[in-house]
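Which chain is which? They are A, B, C and D, in the order written, and residues in each are numbered from 1.
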Amino acid sequence: MWTLFHKFGSPPWLYRLSGAILRWLLPITLLALVAGAVWGLLFTPPDFRQGNSYRIIYIHVPAAVVALAGYYVMAIAGAVSLIWRMKMADIAMRACAPIGAALTFVALVTGSIWGKPTWGTWWVWDARITSMLILFFLYLGVVALYEAYENKALAAKACAVLSLVGTVNIPIIYKSVDWWYSLHQPASIKFTGGSTIDPSMLYPLLFMISAFYCLFVCALLLNMRVEILEREQRTAWVRALATERGGS
Amino acid sequence: MYFESLSAVLQMDGHGTFVWSAYFITLGVIVSMIYVPRRREKRFLRQLGGQIRRSEGSNPPSARKEV
Amino acid sequence: MKPASTAAFCFRLLRRQLVLGLRRPVELGNPLLFFAMVVALFPLGLGPAPDTLASFAPGILWIVALLSNLLTSDAVFRSDLEDGSLEQLLLAPQPLYLAALSYVFAQWLLTGFLLGLASPVFALMLGLAPAAIPALAASLLLGTAVLSLVGGIGAALTVGLKRGGMLISLLILPFYMPVLIFGSGAVQAALNGNPTGPFLAILAAFLCLSIALAPMAIAAGLRISIDT
Amino acid sequence: MVNDSAPVAVVLSASELGLERGGRELFSGINLQLTRGQLVQIEGPNGAGKTSLLRILAGLSRYGFTGQVERHVPQLFLGHQSAVKGLLTPRENLAWHVAGESSFTAAAIDAALAAVELYGYEDVPSHALSAGQHRRVNLARLYLSQAPLWLLDEPFTAIDRGGVVALEARMLAHLEQGGTVLLTSHQPVAVAYPLLRLDLTTGQLQ
């Protein structure tokens, strides 16, 4: 267990491992995303109330789910970085923020596009959309804080503290927004009633959610590889790699 | 296959614009999520490789003057 | 000689911060003045119709209180960092958790507490029904304490940065939202004749949670900020 | 170095300290064991990391360095900044000091302020004092504190000749009582006491 833990702290080992994982995970992920999209777009029946516009669910919900999970991944990496002072946890945390922000952005934009045919307006202060918007702000806050620090080792620690504070706060924010929405809005335009979804619509959704999780892992590893190289650029193994790969 | 023709797939009973634009925006974001770090990695390795060659002062294999 | 006992040390810090605040009475008045000025902007922007203003009053008063707290949060640790007091504070053998709590408590007494006491005046200016005024003052007293604690986290994380002013708002405004929801909710409930107890209880729960956790984050943030 | 000395006498020990800033190695492999009654000056050119080392030893820098630091006794750290609040009087500055030392009596504070030649300035708001006088308020803590270990960063900056002589006398008294002084300074330290030098470029204590 501890040897594995220490191995994760070793940049060249992680760099090679991530390369090996990406070699097969990246094609599988892309294939799964395409397959899931085709399944959702072409092989599921339309919703009896919303017609075909509900097909946006196959990207909206997975993006939202993974964006939220990504915040917790970031916070866990932050906690590891603060407690064990592991350099690789810093790097993982740093890599999470832009990916999470991108996925939150997708969830917001697709939610907004979905809102137009459903509610007749591009933006509704619906509890979920509002919560997503706040999550987007939280991610951007981490990115902004990281960029503001000149010393990147300290930047990572500061972001770790911020993301841990966010972890405590996110459930509170979500519950508050939920409650706020139910107070101000009669529950008439509630949709995607969670458990009542038909299996023929649910399976492609679950499939897409797993594909988005794989996408998150791929993007995380890709971003971490760049950060590893930039931080370790004075070490012998990166220089050897650069002469070998970038020499031509 | 739920739809009968390609035009039905594109139109989706009038919701086609919304559905397809949502999917294409997502596609764009996903592609950039994969492409941007890969390009950064390649560019970084190329720059560092060049830096190392410059500092070592080694001549290219075919020591020809470039124009 | 032993170092000062923790209680004596916290009392000493609190007294020091309060004296520092009270020796600059003008700066003490600034958040209140800001509050008054922004409140005056709303009739100009929304029109002077008493009905409109009264219906927006709970939200307006709470948002302005939030902004005024945000502006003062930035300064909690800044002067101490600039003159080197902060590094001495971090070297003190007493727990930094309690020291951070003392700083935030002093800051709240000088801003949020005064704001809560002065809020009935501004509420009357906006035509808020008198029945809702106790709820406004109570929710502001509880809520601004939470805001000060959360704002302290942002202040601790950004105090070492040259341009922290804008950044701190980006970092902590999302964390202010639950307080805003329940704070203005309390006033709204009082306006509608509903009991305000549950709202105040939730705000008090937020306060307990932030007293327990925020000083830890502040302490961690200060240790990072001082480590240049 | 002082492995044969009794462990009780060790006030601060550091092993294998290394620091990298902006991709450049400032120092590495610093091993240090300070015992009671030692006077040590950290030496090195500008930018060698003297202040950084002192801050690591004090426990202010916690991230970004390698190695271990252990402090065994209470310390007094005086940094570049004087930690004096302009709105407080010198007396209040010392009485409500944030470093958490014990509460000093008014008489002790007055005596300390007199020792740094601020007699008569006790109740003047500090913003009316000069930068050198702010330094002196800070140095008054050396007369009040009971901490055996002093970490002083450039203590002679911005004080006049008389102040330097008084400070050196205070350091000598502290050392003779079994205290330890670790300092950085660009000026030669004229204390009639064996001076050890820590060279940052070699990491050797001489």
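Here is the rule we use: a residue touches a chain if its C-beta (ideal position, glycine included) is under 8 Å from a C-beta of that chain, and two chains touch if they have at least 3 such contacts.
Every value quoted in this text rests on a predicted model; they were computed, and no experiment measured them.
Note on connectivity: the fewest chain-to-chain touch steps from chain A to chain B number 1. Farthest from chain B, judged by the mean position of CA atoms in each chain, is D.
A count of contacting C-beta pairs for C-D and for A-D identifies C-D as the more extensively joined pair. Centre-to-centre separation between chain A and chain D, using Cα means, comes to 48 Å. Separating the CA-averaged centres of chain C and chain D is a span of 37 Å. Annotation: 56 Å between the Cα-based centres of chain B and chain D. Looking at chain A, one finds that residues 151, 154, 157, 233 touch two or more other chains.
For chain D, the set of residues touching two or more other chains reads 63-64. Those chain pairs judged to touch are A-B, A-C, A-D, C-D. By the touch criterion stated above, chain D contacts chain C in their complex at residues 55, 58-64, 74-75, 77, 79-88, 92, 96-103, 146.
Residues 153, 157-158, 161, 163-164, 167, 170-171, 173-175, 177-178, 181-182, 185, 206, 209, 213, 217, 220-221, 224-225, 227-228 of chain C are the ones that touch chain A when the two sit in their complex. The residues of chain C lying in touch with chain D in their complex are 1-4, 8-9, 12-13, 15-16, 19-20, 23-24, 79-80, 82-94, 99, 223-224, 226-227. Across the complex, chain D is touched by residues 85, 151, 153-154, 157, 233-234 of chain A.
Contact residues of chain A toward chain C in the complex are 82, 134, 137-138, 140-141, 144-145, 148-149, 151, 154, 157-158, 161-162, 164-166, 168-169, 172-173, 175-177, 179-180, 183.
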